[in-house]
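First chain A sits with chain B, and in the next complex the same chain sits with chain C.
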Partner chain A sequence: MTFDFVEPVVFALLSIGVIAGGVAVVMLNRITAAALLMAFTFLCMAGMFVLLGAETIAAFQVLIYVGAITVLILYGVMFTKFSDGPRALFFQRQTPLAAVFVAAVAIPVAIIALSFTSAPPRPGGGDLIALATSVFTDFAFPFEIASVLLLAAMVGAIVLTKRDDPDEAALRRRR
Partner chain B sequence: MPVGPFGIDPVIWAPLRLVVAVGLALFLVLNGALLQIYLERKIQAIIQDRLGPYHVGPFGLLQTFADALKLISKEDVRAQATDGWFFVAAPALVFCPMLASWVVLPFAQDIVGANLNIGLLYLTTLGSMTVLGIVIAGWASNNKYALVGGLRSAGQLISYEIPQILALVSVALVVGSLSMIDITRSQAGPFVNVLILPFSFVIYFIAALAETNRTPFDLPEAESELVAGWLTEYSGMRWGTMLALSEYGNVTVVCAIVTTLWFGGWQGPGVDAIPLLGVLWFTLKVYAFILVMMWIRATLPRLRIDQLMSFCWKGLIPMALVNIVVVAVLALAFPTTKIPIAIASWVLLVIFVTGIPVVQRRRLRTLRARARAAAAPAVRAAS
Partner chain C sequence: MTVPLGAYVVVSAALFFIGCAGVLVRRNAVVILMCVELMLNAANLALVAFSRKYGSIDERGSVFVIFVFVIAAAEVAVGLGIILSAYRNRPVVNVDEIHQMRG
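Entry: the complex of A and B
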């Protein structure tokens, strides 16, 4: 008896987690529960990366998406007013249009995925050095572009939020 | 039939090993929490010229056991307006990442859960997951103090994570590996990393105090302003899991990181002859740092929230970035020797330690001048 059966089982559990979590995020009416389930989906994705032998990407997935982005979203949710009554979201009327778009993306993806015949790649484990080398040699330019873009977005956010409010300035002067 | 370690069938051994590992980690966490609470009380008592616990058992040693029994047997109280599942899930969300980080702590030469080649990254990742549980706890309690405590905690943890990771990077640059085992191995002999990178050690230790909510930075649970912060609505063993187990477990993990990265981990006299001696050295070093944290708690007052944030964003993060640039440049320029890095790091440390009072004094002077200028017309109008 060997442990070959473990990997497909884990993969199945993680896929159920990702899909069910994703569906629940979209369908749930309680927005805090949706945020928490989003963290769960991200965790399942990290598990997928581990299964593929990409531990570093899994670690960054958890570090950035679960540790930072979900917390940021929860922050936003907590400062948003919401009532318990059922609400119709503005995009819920476009169901047929959405179905067409989803089909346009999903059918080609499914066809391509089902037409794979080659054996699945065998990850060797330990992707850290390979990842670092490719980021800082082959992909150095896109990497820098991405960081400059993020920096610009950050500066923009600060400029947008730190407005000089005349009332507040007057209040400070009076104090 | 194949035979695994200890003559056990590998099919049974794999789950058995998991059970043993989790059981052992839980055992260590529970006992560590009991011991650390006792130490915390005794050390604060000594520093504040009191006796501390002394009724239960010799030297009050059994006091924390009695407290734990009381917590376990307490009624499970939950306020009516709390947010159902979240309220129950939050302690688990705080506890699980802490427990999971024990996997990569190297207790001795071969006593380690898993030799991950991304060990350091794994630890920072799990550290960042604690925030989620704290924010959820603050939200689910449906209490303004808890909510403010949770939000403060989120802001604090996210901010102080940055200098923490930046300090770890400089060690990874010098050692050339992220595996906890390799980092320990690279420090055989008396020249441990703290002599080469004292500045990143200081940055990490300050950030770690904030990350574990220890005293100069324990704003999320500041009693004088927030009752008990995000723990306000919790009681019984839920409170015990959150505060006692998770917080003290996190303190242990952070001190273990400090020990491994800067103080040679399990290395010590006599380890080559008797490898099990490493467990003793490792534990002693870890508890030395825990004692330092308790000493700091008994000594320093609490910061204000704006002081906390400005110290992180204007003080720690720029210095940590300077540290990385200097270490990286020197590591590239002198690949064979670590002496230039050591000199630069000590110089940076001296600049940092002597610079803080100067900057603070100037800042206070300008603040006072501004306050006086603002108050002058009001005084004239009143008289």
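Entry: the complex of A and C
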């Protein structure tokens, strides 16, 4: 007895989770629920990475997206008062035009995507060694640039959100 | 029977356009940030799928995914910083009402 049917079934469940989570993020009015459903979408995406055999990427996905980015966004939700005006109107007013546009984009994408033929599957054993070899040989320079970018983002976030000392601010205003 | 590459690309395209629609339709700055994250993640799925199904030499597609992770983390940190500092000036997160810098 083989278990060949497991992979398509798991893929179908994960893709339903990804699509439903994405639609819920866009549609839901409760912003905390939207943030948690975004985490769910990222988790389903990590499952897809595992299905593709990219276990290291899946681990990074869980650590960075499900862990760090979701928590950061939840803090953003916490610090801002919820206000969402009415949705932008152009989709409601121009539904036929939007439908034509969607069809014009989606049908070629689906046709091109379904015309790919996969290469023969590669031997298993994870992707960590190949990934690390690439990062630290061919992509060593972009790797260093990425670390500089992270440092710049960290400094920028601190500078943007630093609150001035009230006494100092009052002094500056008096001057 | 394995899942074809096209199926992954279709899911990736669908999620990308869902995120794109969210950026265009929603007015809350934090939700717009979440939708941008969805779009980045959709691109990640396409990169990993092509890398695993086509890349016979090494994992170059997956390396790009790691760089996308870095960009996404930096983007969320700076984006939330901008949202919070704008919110401190005037307590709104509706992007239609934040127009101090409009030319």
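Going forward, the second predicted complex is superposed on the first by the 128 of 175 C-alpha atoms of A that agree within 3 Å, B and C clash if a C-alpha of one lies under 4 Å from a C-alpha of the other, contacts with A are read in each partner's own complex, and residues count from 1 in each chain.
Heads up, the rule we're going with is that a contact is a pair of C-beta atoms (placed from the backbone, for glycine too) under 8 Å apart; a residue touches a chain by one contact, two chains touch by 3 or more.
This one's a predicted model, so the numbers in the text were calculated from it and none came from an experiment.
In the superposition on chain A, A:T32 makes contact with chain B only, not with chain C. Residue contacts after overlaying the shared chain place A:P96 against neither chain B nor chain C. Put chain B and chain C next to each other and count what each touches on chain A; the higher total goes to C.
In the superposition on chain A, A:A68 contacts both chain B and chain C.
After overlaying the two complexes on the shared chain, residue contacts for A:A59 are found with chain B alone; chain C is out of touch.
When the two structures are aligned on the shared chain, A:G76 is found in touch with chain C, with no touch to chain B. Where the contact sets of chain A with chain B and with chain C meet, they give residues 56, 60, 68, 75. If you check the complex, the residues on chain A that touch chain B are 1, 3, 32-33, 36, 39, 55-56, 59-60, 62-63, 66-68, 70-71, 74-75, 78, 126, 128, 175.
Touching chain A in their complex are the following residues of chain C: 1-11, 13-15, 17-19, 21-22, 24-31, 33-35, 37-38, 41, 44-45, 48-49, 51-54, 56, 58-60, 62-63, 65-67, 69-78, 80-85, 87-88, 91-94, 96-97. Within the complex, the chain B residues that touch chain A are 11, 14, 83, 86, 89, 116-118, 121-122, 124-126, 128-129, 131-132, 135-136, 139, 147, 151, 154, 158, 161, 178, 374.
Within the complex formed with chain C, the residues of chain A that make contact are 4-5, 7-8, 11, 15, 18-19, 22-23, 25-26, 31, 34-35, 38, 41-42, 45, 48-49, 51-54, 56-57, 60-61, 64-65, 68-69, 72-73, 75-77, 79-88, 90-91, 102, 105-106, 109-110, 112-119, 121-122, 127, 130-131, 133-135, 138-139, 142, 146, 149-150, 152-154, 156-161, 163.
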